[in-house]
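Chain nomenclature is as follows: A, B, C and D, assigned in order of appearance, with residue numbering initiated at 1 for each chain independently.
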Amino acid sequence: MGETLKVGVLGAKGRVGSTICDGVEAAEDMELVARIDDGDSLENLVSAGAEIVVDFTHPDVVLENLEFLVGHDIHAVVGTTGFTEERLEKVRGFLSKHPGTGVLVAPNFAIGAILMMRFAQQAAKYYPSTEIIELHHPRKADAPSGTARLTAELVGQARKDAGLGEQPDATSTELDGARGAEIEGVPVHSIRLTGLVAHQEVLFGTEGETLTIRHDSMDRTSFVPGVLLGVRSIKAHPGLTVGLDNFMEF
Amino acid sequence: MGETLKVGVLGAKGRVGSTICDGVEAAEDMELVARIDDGDSLENLVSAGAEIVVDFTHPDVVLENLEFLVGHDIHAVVGTTGFTEERLEKVRGFLSKHPGTGVLVAPNFAIGAILMMRFAQQAAKYYPSTEIIELHHPRKADAPSGTARLTAELVGQARKDAGLGEQPDATSTELDGARGAEIEGVPVHSIRLTGLVAHQEVLFGTEGETLTIRHDSMDRTSFVPGVLLGVRSIKAHPGLTVGLDNFMEF
Amino acid sequence: MGETLKVGVLGAKGRVGSTICDGVEAAEDMELVARIDDGDSLENLVSAGAEIVVDFTHPDVVLENLEFLVGHDIHAVVGTTGFTEERLEKVRGFLSKHPGTGVLVAPNFAIGAILMMRFAQQAAKYYPSTEIIELHHPRKADAPSGTARLTAELVGQARKDAGLGEQPDATSTELDGARGAEIEGVPVHSIRLTGLVAHQEVLFGTEGETLTIRHDSMDRTSFVPGVLLGVRSIKAHPGLTVGLDNFMEF
Amino acid sequence: MGETLKVGVLGAKGRVGSTICDGVEAAEDMELVARIDDGDSLENLVSAGAEIVVDFTHPDVVLENLEFLVGHDIHAVVGTTGFTEERLEKVRGFLSKHPGTGVLVAPNFAIGAILMMRFAQQAAKYYPSTEIIELHHPRKADAPSGTARLTAELVGQARKDAGLGEQPDATSTELDGARGAEIEGVPVHSIRLTGLVAHQEVLFGTEGETLTIRHDSMDRTSFVPGVLLGVRSIKAHPGLTVGLDNFMEF
């Protein structure tokens, strides 16, 4: 492995940030050189020699953080939300004068969710039938989940690209809602159950066989392996990258 | 085991009937003494010494068959559909003069489906959350399936009896249908997928844990063990019995 | 619901104890009147008016605790381990002079695990084939888990009681270990996977159909509903009760 | 879709062959022009105008069949077993003089099994833990199944290529066989259950999340979509192709 990566964390005292700090400290190929939170100066990152900084902070401050980081040729792995195309354009502006620096902005760091979506896209064209079941705790406000919507859109597009028509379905008597919500021709079913965390199944069926891809996110630490993958990969990817899947091989 | 049961089958040439004949012949404690189909005389059952007769025929002829069987003190295991309360009353009439003879009329011979429903009833009161997912081939006309409806009614009633209120569900933004159909307060989701046969999951959730009961019916032979259970039990249960669950211990 | 139960917790500052305190406080029909830990006097339970006390402490102190509680006619729900028959006999001794007081000692408060085992016992006699898969985090020292062993013993006994013989298995070429460990004639398979918590599936198979009972324990809070069930039930069960299943209806 | 493919089937009266005939007849873009079985002349294929012939026959006759087919510039899709490297070399010999003709030889036509193996290979490097559970009917002679062995080898190789070490496993007390058979460092567990057909799960785990890929083969028709895919693809792939995965995009 050789080299040890010097990593700083912004928002280090928050729930997410402290989990990332634990993950960096447990990684044999990384050293946590700076924990920064509200009130700490970003200069500490420079003096600590941070090469890569993880930012799970707030939309209000993330652009300022990135301007500083890129300006000091520090690579960034960003899980902060709220990145519109306009905001991404600003990041590209920062990077234009620092062509060797990399910034990863990713809406989803769960490796399993990314693989599930990719595999679903790959499988879609071979199956006349596809449905999605997502299962979450009952405190969730939206149904279906964002991941389920995105999966349905990707699968629906793959079906279209392959020239598949409507899914076979002889339902003539339906109790309202039984067949789920339809997104791009793909039925999506949302389960809300005390005790669950975040889970999704994509089911494919053809003559005599089915294929099921299931992702279970058991707790909040599930984004850590994805963040570490981002940290390990960012130096080799200068410029702006949107989506962790760009650092994955399939 | 001792005794060998002498069994006759009505509708023996049909798909279902011939599967039952195979099952009876494979059972070590049974002897198939008569295969009867259209055009054969019921008297053959008597001359063959049938003690128990299985009837998977047609609503048009089943009452006539039962009158004959009971009149000759032959026990009957009946999977033929269409038994209204009025029809059951007629069977009770046949039996009134033959108190030692038994007739089992059952809408469902899949032992696993019966166990699933029973367990779901037993578990219901311990869980704030319950949902049902049923999965079938896409040629099915009704959604949800009859078994899913019945399960939801049983579970919903058990929840009521236990004083459980509404299920926790913070959904505030729902794409129409995502949360399924509601039956007695229990969400039911219907999946239709090429390659599937008949499957159902009942999911229960409470703080930090879930319990799932799943029944998979892989092919048409799945009713055979239930029919054989009926054949083995009927002699000990004179009179009319409705539902195979009455012959099962839980 | 009427009455509010006044509950005290021993070992209230430990991880388990504080989780129980949270659970009691969240329950509408309970009031947490005392949190006791090392150094606190048990007399506080009396002055606080505790009717029922939960003890998840240590084998070294639990008998002393119970002598005090029973002596003051306070009911006890006990998850502390290490109860041999000799120790249970001592508890019976305490209770002999307080016939109206109840003590529940339970090795397992996960309601789902108890239901899974009960349902597995009930289903066993209807299926020629039964296997158990248990899945845990890779830090677990024993394989199979204690729950899997107990389930296999219960299912194996139920098979014997029903006169079932050996399970069908034509395996003639086996890579060592592929068919799992055998406990009372039931194959048990142990999966160890990062990211898992504690999970178990019991699979039953007969001609054309299978039945699966699955329990997923997602996090440490999964014993709370069982403890609360114990608290709600103990007043109606004077004397010593071993096992939470005695307070459950099936 | 345009063009209709003219297809012949060898071994058309066998169980497999007749299922393929049904599949070809049901396909809108194919026409079944010849059903050949023992005693029929292969010349019938030529006179019927077959462009592509499916061969699920016997190792004793398949080379003769292929020599005839290639000699008449008829493409072949072959599921017959027993193809050693020596036999494949003979097929290459036939093809050397017919560069426009294609022959597909595939050991496995179940698309879902191929996708499962491919996805498992792709996912392997992202997960410290991987285990395989395969589930079959109890008449199966070998444990683990051939597909499970192959999957374990592919996953084990992918782990090695990614520099992953041994899987985490703190098991210190094991009942013999509980942790399964080990193939290339991957534990494999074999379930044998009446009622099952052919099923496999590949489980991956990392911090806080798991990914599961499951393939269920419900009945014998599950190879048909793969055979049809071979028929649709073979004209564009002159020469010898070994493995249906070469005609699939991932």
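To be clear about the criterion, a residue touches a chain if its C-beta (ideal position, glycine included) is under 8 Å from a C-beta of that chain, and two chains touch if they have at least 3 such contacts.
These are the chains along with the protein names UniProt gives them: A, B, C, D = 4-hydroxy-tetrahydrodipicolinate reductase.
Computed from a prediction, not measured in an experiment: that's the story for all the values here.
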item: Mutual neighbours - chains that touch chain B and chain D alike; value: A, C
item: Repeat of the A-D interface, chosen from B-D, B-C or A-C (over half of contact pairs identical by residue number); value: B-C
item: Chain of greatest Cα-centre distance to chain D; value: C
item: Whole-Å gap between the CA centroids of chain A and chain C; value: 38
item: For chain A paired with chain B, centre-to-centre distance based on mean C-alpha positions, whole Å; value: 46
item: Gap in Å, rounded to a whole number, between the CA centres of chain C and chain B; value: 34
item: Touching two or more other chains - residues of chain B; value: 195-196, 204, 206-210, 216, 218-219, 222
item: Residues of chain B defined as touching chain D within the complex; value: 195-197, 216, 218-219, 222
item: Residue numbers on chain D that touch chain A, as the complex places them; value: 23, 110-112, 115-116, 118-119, 122-123, 125-126, 204, 206-225, 229, 248-250
item: Footprint of chain B on chain A - complex, ascending; value: 127-129, 131, 133, 135, 138-144, 167-183, 187-196, 203-210
